[in-house]
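Chain lettering (A, B, C and D) follows the sequence in which the chains are written, and residue indices restart at 1 in each chain.
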Amino acid sequence: MTAAEALEQLKKAGLGDGVELFAGPKDAALLVTRERVKQLLRHLRDSRPFSCDLLLMITGTHMTEKRAPDKTTPDGVDVNGGVVKGTTVKGALLREAGFEVIWHLRSVAKHHLLAVKCRLPLADPRVDSVADLWPAADWHERETWDLLGITFTGHPNLRRILLPESWVGHPLRKDYVAPKEFEGINLEVDAPWPTP
Amino acid sequence: MDSLVPYLTNVWEWATGSAFTFSMILSILAVVAFISVWAMFAVWLERKASADFQVRLGPDRVGPFGLLQSLADGLKLAFKEDLIPRDSDKFLFAIAPAIAFCGAFAAFAALPFAPGITAVDINLGVFFIVAVTAIGVIGVLMAGWCSNNKWSLYGAMREAAQLISYEIPSALALMVPVLVAGTFNLKELVAFQCLPSDGVLDTEGAVYFSNHGWLAFYSPWTFVAFVIYYIASLAECKRAPFDLPEAESELVSGFHTEYSGMRFSFFFLEEYGMMFVVSAIAALAFLGGWQPLPWVSCNFGGVLGNLFFAGVFLAKVIFLVWVQIWVRWTLPRMRVDQVMVMGYKYLIPMSLFALLMMAAYIHWGVRYLPGLF
Amino acid sequence: MGLFERNLPDIYLTRLADLAVNWGRASSLWPMTFGIACCAIEMMAVGAATFDMDRFGAGAFRATPRQADLMIVAGTVNAKMAHVVKRLYDQMPEPKYVMAMGACTVGGGPYWKHGYNVVKGIDKFVPVDVHVPGCPPRPEAIIEGVRFLQRKIMAKRVLAQGVETKPDFTGVSVSPGTVGILDPTVRPTSTVYRAPTALGFLAPSGGRA
Amino acid sequence: MADPMTAPAKPQIEPAKPQTAPARTLVLPGDPRPPDVHVDVRTQELQINMGPQHPSTHGVLRVAIWVDGEIVTRAEPDIGYLHRCAEKIGESVSCIQYVPYTDRYDYLAAMNNNLGYCLAVEKVAEIDVPEKAQYVRTVAVELNRIGSHLMAVGTYGLDLGAFTPFFYAFREREEILRLLEWICGARLTYNFIRIGGVMRDLPEGFAADTRKFLDLFETRLDEFNDLLTHNHIFVNRTANVGVISPDMAIAYGLTGPNLRGSGLRYDLRREQPYLLYDRFQFDIPVGTGIKGTVGDCWDRYWVRMLEMKESVRIVRQALDQMPATGEIMAKNVRHLAFKSKPGEGYLGIENPRGELGYYLISDGGANSYRSRIRAPSFCNLSILEAILPGTMLADAVAIIGSIDIVLGEVDR
């Protein structure tokens, strides 16, 4: 079942509002608002045509702002022979900064793969937890919180999983700066390797 | 001090019926030397035999055929830092290995190696050895408790449970040959196995056929007792598949997790000493002791004869120890409840049954009940 | 040893005693069962059938640090793990030796640049006796490292005073082979299986091996 | 000792209140009969710490276990001792440079990891791989799968106290390593499968040698079965222990031999054929509860043993069908200036441990914008919390071993 077919099915079932098709060049996904995430995932798990019983993974991406290249007009010469500074026009906004969370579901019975995607604002990355729908979601959500700092509300035990408890920051954010030291352990490089 | 020495001498005289002499001290030294050499040899044998099972070579760089490997290990352990954990009970921690070693060590005193080679000839030899080998578990319990380590505690508790459970079938199984021969004396047990079955004991230098034969093959029930004793003795030595007290993959190293250096090597000595003791009893009580062939009794005197018998006896013991090693490197480990089930549900009833049947046969004077086979 | 440690006159007798003690230590290097990452698999291979580190007396892997002499740090050490490695090192009794196995423990390895969490070389918190490079080092390289360590131990002073001699490294190849066969026309030699013999004639694989 | 007056005050940790377990009925694990032992002793829970340095946690897994006597009441895996920043590195280096890193995550099945990543990149970048290269990949991957399973069953014996099978498993594994070393020069971390194809063609004589090995290997498998699989103690230790029902397996996201051990016939090589798996004939073994309940430790172990036989079949067929000559690298890949097209995609393959998936987002540059690894061991391990309670301490070891985790992949 492709994402487009899934969307049609959803619309038939009356669950289509708030869901659109995210048509990537390779893999399509269902794009939902964050209020509808849990309801939709529950439907995908329980309703017979989908029966997406296996949660493959939950992950997120930190999307930085992306703009078209700035346009700068070259310096000109005015009538009096003076220099006129060129103007810089900021490029058009192609992509807003924010987080994307994606759930990959697989149906063991029907042999298909579906992806559900949700966009979250940078300032308030918060989405419902599905740990009560799939026990498997527990660790994935903890990992996403650990590495990206996305909060899953309703998760029973949202702690760091891979990094130590006292670690500062979320390394997979694009603006992350690696620490020089952690609890007395030096993480720096003494001498840089020679570059060929 | 002045009063203590005569007192001890008196006790010794009372216990052994012989005066406390210089030869006693020599015997003690000989036993200590023998255990050390034996442990080295057994460790080497274990490493070489396991290597052979596992398509490896085993130690071969230290001395010829790696024979000096155990010496190097011992030397290294002797010069290792003596480490006592801060939160342990230091006194108990220090004496636990010695107590564990005591049991195996004391048992050697009563082991006859040949008709004329024995430290003390005790009339209740079997009883004495069964009693003193059980001392070892106290040392192990102490080691596990005082280390202040949860893994050690687990190992010690398992050891206590296992040893207590398996003492019973092993002792019951030993009662079968005792019942047949009518003696607790290990030397007499061996002598019984070369007695002609018509009950005439001849003198010097002759070879007799059709004697009682090795007790393992005396009747089906003695054979059952032999098998039960061997299985139970594996558990008493903490050898696989009963190596729960030091189960490496579960309890890190069990009761000796916190021990290092010389103190650890005492546990090593205890383990290999025990292996010798139980194999020696199996050889003496069931496999004809120093007699080279079943149903054929040899009777040599003199130093050379004794040495020959000691050689035969050692060969049997080494073979039994090798079987222990073979079993260890072949079988997986049992779970603790399975060990208990095996001990209480199978071995004890079976050994009791064998004992009863043997008693019945002796009472009615037949070795095989017609109609049963 | 305590009081006598490197405190006795440097005479023939003490030198001889040193030799004996060093021989014991060098011939019986019990490593700790402590694999961290990929290198641990090669460490197991060294102990297993084909390479068999037990030949050098270094095959008795001990699970507890109290009974180990050699800590082979086999794999990447990160910020969370470093404290554990340090503690294990502290738990080992003297004399103890550390082998940094693999590129990660030597200097961060492939995680040197972008590994925000990875310690760039374990010699930042434990003293290292031998560095064995490679990613992961081949088993031959580990054996080389052990032999390197053995020579280092043999040159030490235990009881006698005086300056330690330089280890004799003649016959030790400087760069343990970390790269395998790159020429496809060269065929790696097959492992020669030794059939179990004298003691193992009853072993399960019997003569089939 | 520091002077107690001048020493800085220690942070006061409130001592945990000793929890007294209520009197309860003891049910031994794996005992199908109704409970007949009643325990009236008040006992106290003990918390023990298994790992990160413990012989049977297969690396640096730490499991905090609460035990009541020998029975586990609660278990909490603690991972991250081998976190090596895989995903950050995936963003920081180019796709070509990242291939060797994938070797190091599941180091027992490095070829499979190479393949998963390369297939994902090829999917996003739309690269067609020539047929010959696909066959070479299949051979390499399946040989690696045998090696990985051998390691799994060998160390499983080690966990249960049987030392010798481990050595026999390693003896066979060394032969596989020899073959793989021949084709790429490395024993463990191969970097052989590259984006767009493979590093180089199989050397001359490789097929014959591999066939010889496979013939030998099948007899060796029987030997292994004699030694371990049908051993009475081994069966007692593993049958009816750590039973995972199919529903539970799916709920916890189990894949691979662990899912199939629970009786579900689900294999990505069959459901979603990648490479050329639709051209080969092979069976998908599932757990049938021969020795106990479906989904117990023995079933998971047995599935791995059977899968090795299937891999042998696949390698034989691949060697038979493989064209003698042909391209081994796609035409449109210029490795030094490789840039992926923008887009994103997920691709899962059947790793020896389960579904290994790579989710890549490309911005059109040399680096991928985001690369997430769906590591099978990570998902499989999370079931530990659910199945350990109620088992014995020795079973905990058996269960951890039967799940067959690789910590490099769990922590990434």
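Brief remarks follow.
Going forward, contacts are C-beta pairs under 8 Å (C-beta built on N, C-alpha and C of every residue); 3 or more make two chains touch, one makes a residue touch a chain.
Quick caveat: nothing in here was measured; it's all calculated off a predicted structure.
By the document's definition of touch, common neighbours of chain A and chain B comprise C, D.
Nearest to the overall CA centre, using the mean of each chain's CA atoms, is chain D.
Counting C-beta pairs in contact across B-C and across A-D shows that the higher total falls to B-C. Averaged Cα coordinates give chain B a centre that lies 36 Å from the centre of chain C. Distance between chain centres (mean CA atoms), chain A to chain D: 27 Å. Each chain gets one centre point, the mean of its Cα atoms, and the points for chain B and chain D are 44 Å apart.
Contact of a single residue of chain D with at least two other chains is seen at positions 54-55, 80, 83, 85, 88, 164, 167-168, 171, 227.
In chain C, the residues that reach two or more other chains under the touch definition are 48-49, 63, 80, 113, 116-118, 193, 204-205. Residue positions of chain B touching 2 or more other chains, listed in rising order: 53-56, 248, 252, 330. Within the complex formed with chain D, the residues of chain B that make contact are 50, 53-56, 150-151, 154, 240-241, 243-244, 247-250, 252, 329-338.
Residue ranges on chain C touching chain D, taken from their complex, read 32-38, 40-42, 44-45, 48-50, 63, 65, 75-76, 78, 80-81, 84, 88, 110-111, 113-118, 135-136, 138, 179-182, 184-185, 187-188, 190-191, 193, 204-205, 208.
Per the touch definition, chain A reaches chain C in the complex via residues 163-164, 167, 171, 176, 178-179, 182-183, 185-190, 193. Contact residues of chain D toward chain C in the complex are 52-55, 59-60, 80-85, 88-89, 92-93, 100-101, 104, 107-108, 151, 164, 166-168, 170-171, 174-175, 178, 181-183, 185-189, 200, 203-205, 209, 219, 223, 226-227, 407-408. Of all the residues in chain C, the ones that touch chain B in their complex are 1, 20-21, 23-25, 27-28, 48-49, 52, 54-57, 59-60, 62-64, 66-67, 69, 93-95, 158, 193-200, 202-205, 209.
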